[in-house]
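In what follows, subunit A forms one complex with subunit B and a second complex with subunit C.
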Partner chain A sequence: MRTLIISAVALLAFLLVPLFVQSPYALHIFILLFMAVALGESWNVIGGYAGQYSVGHSAWYGLGAYGAFILLQRNATPPWFGVWVAVAVAVVVALAVGWITFRLRGPYFVLASIAVAEIIRLLALNWKDLTNGAEGILASDIPPLKLGETVITDWNSKTPYYYMGLLLAVFCIAVNLVVKRSKLGYYLQAIREDQDAAHSLGIPLTLCKNAALGISAALTALAGSFAALYIGFIEPQAVFGIDISIQLLLTCIIGGIGTITGPLFGAIVLVLLSEALRSSLAQAHLLVYGVLVIAVILTMPDGIVGFVVQRMRRKAGTQ
Partner chain B sequence: MVLIQSVLGGVLIGGVYALIGIGLTLIFGVMRVINFAQGELVMVGMYVTFFLFQLLGVDPFLSVVLTMPALFLLGALLQRTLINQVLDALPQNQILLTIGIGLVLSNLAMLAFTSDYRILSTSYSSSSVALGAIRLSTPLIYCFLITAAITAALYWFLVKTDTGHAIRATAQDRDAAQLMGVNVRNMGILAFGMGSALAGAAGALVAPIYYIYPQVGGAFTLKAFVVVVLGGMGSIIGATLGGVLIGVAESVSGTYFGSGWKDVCVYVIFLLVLLLKPSGLLGKSRV
Partner chain C sequence: MSALLEVRNVSKHFGGVRANHDVSFSVEPGIVLGLIGPNGAGKTTLFNCITGYYPPTHGDVFFDGKRINGYPPDRVCKLGMARTWQKVRPLAKLTVLENAVVGALCRTNSVAEAKEIALEQLRVVRMEKRAPVLAGGLPIGERKKLELARVLATRPRMILLDEVMGGLNAHESEEIIQLILDVKKRGLTQVVIEHDMKAIVRTCDRIVVLNSGEKLAEGSPQQIVNDPRVMAAYLGDSGGAKA
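Now for the complex of A and B:
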């Protein structure tokens, strides 16, 4: 109950922010935060609950981005319709890939996931007729969002992106909540803890992992297309590169996997630190991720949230 | 003729992939840790070579004798301070730690040297040797000869010396080796140092051939995985063979499908090997 009230208050506060905050930079930070939360929660479904460490999620991120951009550019399809086609494509490809790679375990699955993302990146780079190759695509003329005849927004300020980002982050958190408490969620956590034991209890391994990957890929594609539209430009390395996979994986790891709050905290820490150090690090902003993940693995392998929870339990125990 | 030309070219560059792969497989064999920072160590080797050449005029191929010890120290240090702490942790956490190390190395390089592409050009950079109708680039030939020498020396070390025996014993059975009085902790440091030194050597050897920039490592890491999985995780002969095979596959597919597609072929082969024979060509099944 208390969590519910806190969440409701926080959501209301976030809804009101753009009414009081005018600075585009502040809104920009919030949007980055929402994207990081959405992406971290997306990875959490497959990496956190099922324990399948995909380092190839840039594949779904990029498919979402390219799908929305190609439809926008070719057919002038508004992105909020086009993105669902992109999500469908990402899910179909993810299921095909999952069907092949989920027989692999541990490090072999990690390697296969990287290889798949690389193959898709190279396809995007070489299939110039469809993707415009290394030159990339510019998002031009995003049509205004209309309800009936009233124009809701023409996407010229940061505020519409703010609300879209908030909606996306809340949606990804909600999906996580549903998955975590569903039968599927318990199956996935059983697989994470001991795959062989789960199998012997009759849990269909490949089916569960594929369901988790499908959900995760759909959310990642959704977040990827939003991020790409916000930035306004895509090219293969920027959306399919391994940097993206590592960023969304580490958001989850640093915060703590398999929890709802983990990716939230991971996103806050990483976005704020990266922004604070942006001027001094410039292109080397992933240094923050590297240093943090080393520190987290060595000192708090369950992530920040896991570490804090453990501390609190120990404190409660001694009292 | 074109086929022979591209096969030979593939064998030559495959030697370098083998060198990086052998380093990776050595580390995996002794410690069961997959080093995702292997390519970044190659990158460090490339920069060391570049600056030795730029500032002191040391020939890139001669600089191997300096980059190898330098990278050995870096690797041993990483092992002692960081990797040693996660030897008993979950494999995922070991992977994440090495990913973190790789990120730190490449981003530090970016801070120190900017993301500019650098080129190391020597007097013989663009020369080639003709064998009948076949022309092979001179730096690539030097590169292959030195690779072969280093690999041979490594075999000799592992097969003939006591320390080499101890390393192989640790790789075969950590506990048994420890009971026989082998200091497995030191063997780990030695193995990581040697693996890094091999990456450094590879970096020195490819410095005159590739562009040098902070993110060049990622491509080498991936290729090293392909080589090692193809040969069989932990098998040094397998990695040697895998390196040459991947070099040839890349070169031949580049010739016939265009250079944009050669890496696609390499990764498709990789996935096929993972699925059909995950223990690799010469490895024992550990999956």
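Now for the complex of A and C:
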């Protein structure tokens, strides 16, 4: 009940922010934050609950981005329709890949996930007729979003992106909540804890992992297409590169893997940290960023949320 | 009465190692069958063959008249045959209740209903008060009982217990023996791997002895305890060894 009230208040506050904050840079930071939250929560479904550490999620991110861009460019399909096609493509590819790679366990699955993302990146690089290769695609103007005859937004300021980003982040969190409390959620966590034991309790391993991967890929593709449209330009390295995959992973690792709130905190830390360091340290920011990330992982192996929960348990224990 | 489980000429070879060779026995509904033998006799391998973890190299496994070799473990469980593990496998970061819920979800899609079934089974093993504790923090005795509650929650027709008393003290073992007898009263068929002969004699209706992967003997507890071949397998062939 208390968490419900806190969430409602927080959501209301976020809804009101653009009314008071006019600075495009501040809104930009919020949008980055929403994207990071959405992406972290997306990865959480397969990595956090099912314990399958995919380091190839840039594949789904990039498929979402390219799908939405190509449809917008060639057929002038507005993104709010094109995105769903892109999501469908990502899910179909993800299920095909999952069907093959979920025979592998632990580090072998991780390697396979990286390999798949690399294959898709190379495809995007060389299939020039479709993707324009390394030159990338610059987004054409997004048609105005209309409801009937009323124009809701023409996408010329940060505000519409702010609300889309917020909606996306809330949607990804909601999906996580539903999954975690469902039968699938229990099954995924059982698989994470002990695959053989889970199997003996009647859990169809490949089916459950594929369901989780499908959900995760769909959310990642959705977030990927949003991010790409916001940035306005895509090229293979930027959307299929391993940096994207690692960023998702880090968001969850730092926040707390397999928790709803973990990616939230992870996103806040990562976005603020990288922005603050970028403005103060310029080129050296990646170095400091890396060192800080290692420090967090070493001191809080279960992430921020895990660390806090442990502290609270210990406190409750001593009283 | 037709057998609930029939193991027919099952062999499991790993390269040149014959972990099981031509083992046959059957388990009638409602009985407790003991599976004993010295270390390395192939007891756990046989469990793995029966429950779908390994396909047998030769031979067949029938459950309720249905040939089930090649079935994956989850389908075997769905059919009604559930197993525990010699080395306990708690879902460490889930609570005791959640562990049992995972088992209960085998027969229902409703998490709420699964929680009820799970609590019921925790009561059977007298662990309902431990429901909110993380399973990873339990002592060994409670882990073994949780494992039992978890398989019972899958609502099986038959359970296979792999050394549920291993590593327990006398008091804890006694508790498990009582649980096996309670479960038997409710009509659940059981196959029990165990080293403690006293526990075996008290709980089992019939015993199968494995040695070096092959079936050495089968009979009532009395017959087995007095069988010189079984003594020889456990203690070494005294005549041959001394000479």
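To be clear about the criterion, the second predicted complex is superposed on the first by the 305 of 319 C-alpha atoms of A that agree within 3 Å, B and C clash if a C-alpha of one lies under 4 Å from a C-alpha of the other, contacts with A are read in each partner's own complex, and residues count from 1 in each chain.
Going forward, contacts are C-beta pairs under 8 Å (C-beta built on N, C-alpha and C of every residue); 3 or more make two chains touch, one makes a residue touch a chain.
The shown structure was predicted, so the numbers you read here are calculated from the model rather than taken from an experiment.
J.: Please work out whether A:Q283 is in contact with subunit B alone, subunit C alone, both, or neither, and reply first, second, both or neither.
T.: A:Q283 contacts subunit B only, not subunit C.
J.: Once the structures are superposed on A, label A:L205 by its partner contacts, choosing first (subunit B), second (subunit C), both or neither.
T.: It touches subunit C, and subunit B stays clear.
J.: For A:R103 in the superposed arrangement: first (subunit B), second (subunit C), both or neither?
T.: Touch status of A:R103: first partner only.
J.: First (subunit B), second (subunit C), both or neither: which does A:R314 touch?
T.: A:R314 sits against neither subunit B nor subunit C.
J.: Would you sort A:R2 into first (subunit B), second (subunit C), both or neither based on which partner it touches?
T.: neither
J.: Is it subunit B or subunit C that touches the larger share of residues in subunit A?
T.: The larger set of subunit A residues in touch belongs to B.
J.: Share the list of subunit A residues that count as touching for subunit B in one structure and for subunit C in the other.
T.: Touching subunit B in the first complex and subunit C in the second, no residue of subunit A appears in both lists.
J.: What does subunit A use to touch subunit B in their complex?
T.: 51, 53, 55, 100-101, 103-108, 110-112, 114-116, 118-119, 122-123, 125-126, 242, 246, 250, 253, 281, 283-287, 289-294, 297-298, 301
J.: Using the touch definition from the top, list the residues of subunit C that touch subunit A in their complex.
T.: The contact residues of subunit C facing subunit A are 51, 53, 72-74, 77-78, 82-83, 85, 89-94, 98, 101-103, 105-106, 109-111, 114, 150-151, 154.
J.: Under the stated contact criterion, what part of subunit B meets subunit A in this complex?
T.: The contact residues of subunit B facing subunit A are 34, 82, 85-86, 89-93, 95-97, 99-104, 106-108, 110-111, 115, 218, 222, 225-226, 229, 260-261, 263-264, 267-268, 270-271, 274-275, 278, 287.
J.: Taking the complex as given, what residues does subunit A use to touch subunit C?
T.: 181-183, 186-187, 189-190, 192-194, 196-205, 258
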